[in-house]
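Input: structures, listed below.
One chain, chain A, appears in both complexes that follow, with chain B as partner in the first and chain C in the second.
Then we have the complex of A and B:
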């Protein structure tokens, strides 16, 4: 009796065609990540949609409140402030980081002297923990006598700047290390894209006497389009989800001063884990999800090859 | 055959475990990770178990950042601790979520609690029931750098007693460079640290007001007293220029680095400041103003969760009684540096004459305890109020009104 079931299953296995066996094998390997993703990722995501219609606060059982969380969100001036901040991170961060990384990649591609070493230097910040980096930069921005930048400014007679203690300078001050940290990755991807362009195109163009700028405009950039699309979408999502840099650089007044650096993710974190308003936080999460979805779809459509 | 033996062995093992469980009650105790607190509690548990052989206490700790979430999630799922440590400000949420139960009156009679503990313990009382008792309490005091005092020509053994002396000392000890930038603060300003408590419970009261009324459910500082208190605080940066918000990030960092002559901080900072090697420091009571002294006290209390029933409840009662006993408080004071919550254990001649604990203990006599509904959010209101004046140059009166409105909204939302 004990041996009956293996025999049966092995008969079933033998009866299958090679194709069927392959499919079965493939699915049995895929089953693990699929199960993992459904339980760890998709199910909680769906759960968040449900939560956003409740007033769950961890302590009491959740009860359905309809659209109350969304109405509160629309009427919350903090949300709109946070929305503007997040947009600023995106609108300044993405083009700036792409421009810089393209320029670096474009010229680095032509450098052969210590090429690998320079490339490694650019990539290094990407490997560093965001939190550690943020804390170091936080000290860079300090007033004298601690801050390096202000120390330099006052030594050449420029008044010291408030940086993280200013409502206008704080956001760019946080964005700078965020852009710098992501640069290495983008440079590598751009270089891979540049290398993939056949050199015969360039040779033909040079024989025809095209200027370097025209080559860049007519050959390099059009052929880099898939790379650019990938990087735009990738870095946009990154800036829309910015959190570590902001949280760690404004640790004592998260998202401050006066909420001028607070991104959506930080607002979600505070609503959920400081104020314990899980329902309201879930509503914010849903809004962030929709923003990410819309921005990605628009970018894919605009940048898609016609 | 081997299989059968294994089963038999397993069954035997289970039965032994079960027998042990029947003869000894195990209760679980949770607190957040803070090295000296964990060690002190281990000591207390050891002593408690020696005195109560039938009870074992399992000690579990979590990082502070996730502590509250974990407690809430596990207890509401019927798991987790039997005795739990909680910040006094969380008590409303914990009661609303039925996470903790009232202390049984047979083991903890109210008249005894009120006679023996410092009055701030009433922050654990709701609807005529006590929901927890502290082992230790913390209050604020003025820390001052004796070396900086001496260098500025001040007597290092005579810290400022009044607010006028305090400002004068700050003005004498502040150091600026040629362009007027502060390079060493007279007083380390840090609204995100303890200054918001100082403003709320001390400065507002010293200017003739009260921060809240109606059991801290109505904001009451939007008036002349609140304005004077706010004006005094922002003047430290704008007028006297003795401190600067954001200088070295945190007041305690500036003080520890020897770049601030004074800072206001709590007993919980003693451990960090004890590591200072480069200068000697002293502690003084918070400066008096207009003849009024005040202080802010807070504490973590231990409470019995709703999960503890039957024999576990009895064990939890015994354990809670022990950790709030005078003996436990003395151990805690030595190991953690936090002040005993019982008058008799705290106000001993030895403690009062201690140059470090003395000023903190005196502060406890007249301390107030804010009944926060959401400490982080209410602190943020105070931080923003000062930032609006200092960064955006908003009129203090308007900023104060805005803060009062925002804080009232937070309180009202929580009351719903």
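Then we have the complex of A and C:
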């Protein structure tokens, strides 16, 4: 019986059509990542949905509490503060970073002098770890005589700014390096998009007598739409999930001062690993997931071909 | 309507010179084709006329006005590109109307112009379509429409038919020619295809390596090429060139074909013009006929058939003549077998004599 089995299986293999064999091959290769993702990604994700309805805190077994976590969340003033902060990161960060990166890409595309070097300079922050970058920027924001920015401001007669110590300035002060860090990637993607537009489109427009601005508005931007859609969705997800910049720049009081810079992911982190309220953290995660889903779907719907 | 004049036009890219001071007069309403192999400077020349390339030297004059420093839009020309350059995110009507974007015409006038243009080009039913829903030929017509709608003084075409399949190319060739006859606008057309040049042009400009070799009507170029390049470039299949040398034979100058018994008499005046005794005898495949009667003074070659290409109305016969491969033709129904020995005849007056060193044409024989 043992010896008969390979012969039998080879007969089974020979008996299959070419198409069946191909399908079998494909699935045998796909099996590894599918298995990996199921165990590492999808299962914990589903688990999180379940946990959000429990009061699990690592010490005692999880017991079902219904919507209690969600009700608590809705009534938690910190959640709404964090929600506003995250929205601010998204609403300021995405358009600002896209605008700057487009402007850089648009002009860099025309520069031939040291083109590769300049592009590398823009890309460098993308490769740098957020922690290292955040610490450098913290130093920038220090008061005189240490901080570079305040040093510059005082030299032109502007009073010192508190930056990370201020409840109003801290969020923009964190957003700035976050935008800067993502710029390189967006510039590269925008440049690839610009390069893909045939130069004869611009030449035809020049012969038709269109101004630079009209060409930009009527030709370049419409033709860049797929690139823009990709970057809007990609960058929005990035700002909605912002964590490491905030955590590293407000190291002494993460999300401070007075929670004015705290994004959802940091709140989840603190709920889960400081307070050990896994069930409540899971509920926050589910809410974040829903926000990401809704924002992405809205963007895809709005920006898709009309 | 416009005359275009190029005087000593030069284009340099760094240390390389793409166009070496060319002179050309394009008359009002004329259809001029610039033809040559890739890299010969024909597209660069066209782009300089359009104003898309800076001029390194010389002048371009449109209707008596030097336009060297004029913006493309101020030259009153329109250009049609090889890849059509029609915008995928606009409808056919918007694409055609884009040519009028900067014009001060009232909206209803623009609409009328777009509709008229579409009608001339047979696009009136496609005005709401997107370019992706059009065939290659239709896209090309939209590109022409966008150029036409502005009523330019001259059209510039940059290899507009190269992206089309063979059948469509033949059709578009005809359409562009008809359009020219109808509008009477000056056209400068760039192509690398000598058939396009022959079929459409009033005058052909043959270019090579940034120089103009010859300017003339299609038949002038075909009948009297001034050098070997033009002789071989114009006409398909290309002219056969047989290496020969000038010699005295019985008191007359003859060109003896190297390695063969054959020779042709050369008028003494022309023989003197040659830089040495080395020459080429050229003969077009259509003048070298298999099975033709050997007439008075006809030129004969015999060899073994290597390949036969029956085309229907005629047959192209590739012959091996004393180690040189030549192309001859035979009437449609005559199809020799490969390996068969045949004799081909050319009538007097159908041969060309070229100087080997200068590559210039000496005379017809």
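In this section, the second predicted complex is superposed on the first by the 302 of 306 C-alpha atoms of A that agree within 3 Å, B and C clash if a C-alpha of one lies under 4 Å from a C-alpha of the other, contacts with A are read in each partner's own complex, and residues count from 1 in each chain.
The rule we apply is simple: a residue touches a chain if its C-beta (ideal position, glycine included) is under 8 Å from a C-beta of that chain, and two chains touch if they have at least 3 such contacts.
Quick caveat, the model's predicted, so the values are computed rather than measured.
When the two complexes are overlaid on their common chain A, residue A:143 makes contact with chain B while staying clear of chain C. By the touch criterion defined above, A:47 reaches neither chain B nor chain C. Once the two complexes are laid over each other on the shared chain, residue contacts for A:204 go to chain C alone; chain B is not touched. More residues of chain A lie in contact with B than with the other chain of the pair chain B and chain C. In the superposed model, A:274 makes contact with chain B only, not with chain C. Applying the stated contact rule after C-alpha superposition, one finds that A:258 touches chain B and leaves chain C untouched. When both complexes are overlaid on chain A, the residue A:60 reaches chain B alone and has no touch with chain C. Residue contacts after overlaying the shared chain place A:214 against chain C, while chain B stays out of touching range. Residue ranges of chain A in contact with chain B, taken from their complex: 57-60, 138-139, 142-146, 154, 159-160, 162, 164-167, 251-253, 256-259, 270, 273-276. Only residues 65-66, 68-69, 72-73, 76, 93-94, 96-97, 99, 177, 179, 181-184, 190, 192-193, 244-250, 259, 374, 376-377, 380, 383-384, 387-388, 391-392 of chain B touch chain A when the two sit together in their complex.
Within the complex, the chain A residues that touch chain C are 198, 200-201, 203-210, 214, 218-219, 222-223, 225. By the touch criterion given at the top, residues 50-52, 71-74, 77-79, 81-83, 85, 87-89, 98-99, 101-102, 146, 150 of chain C touch chain A in their complex.
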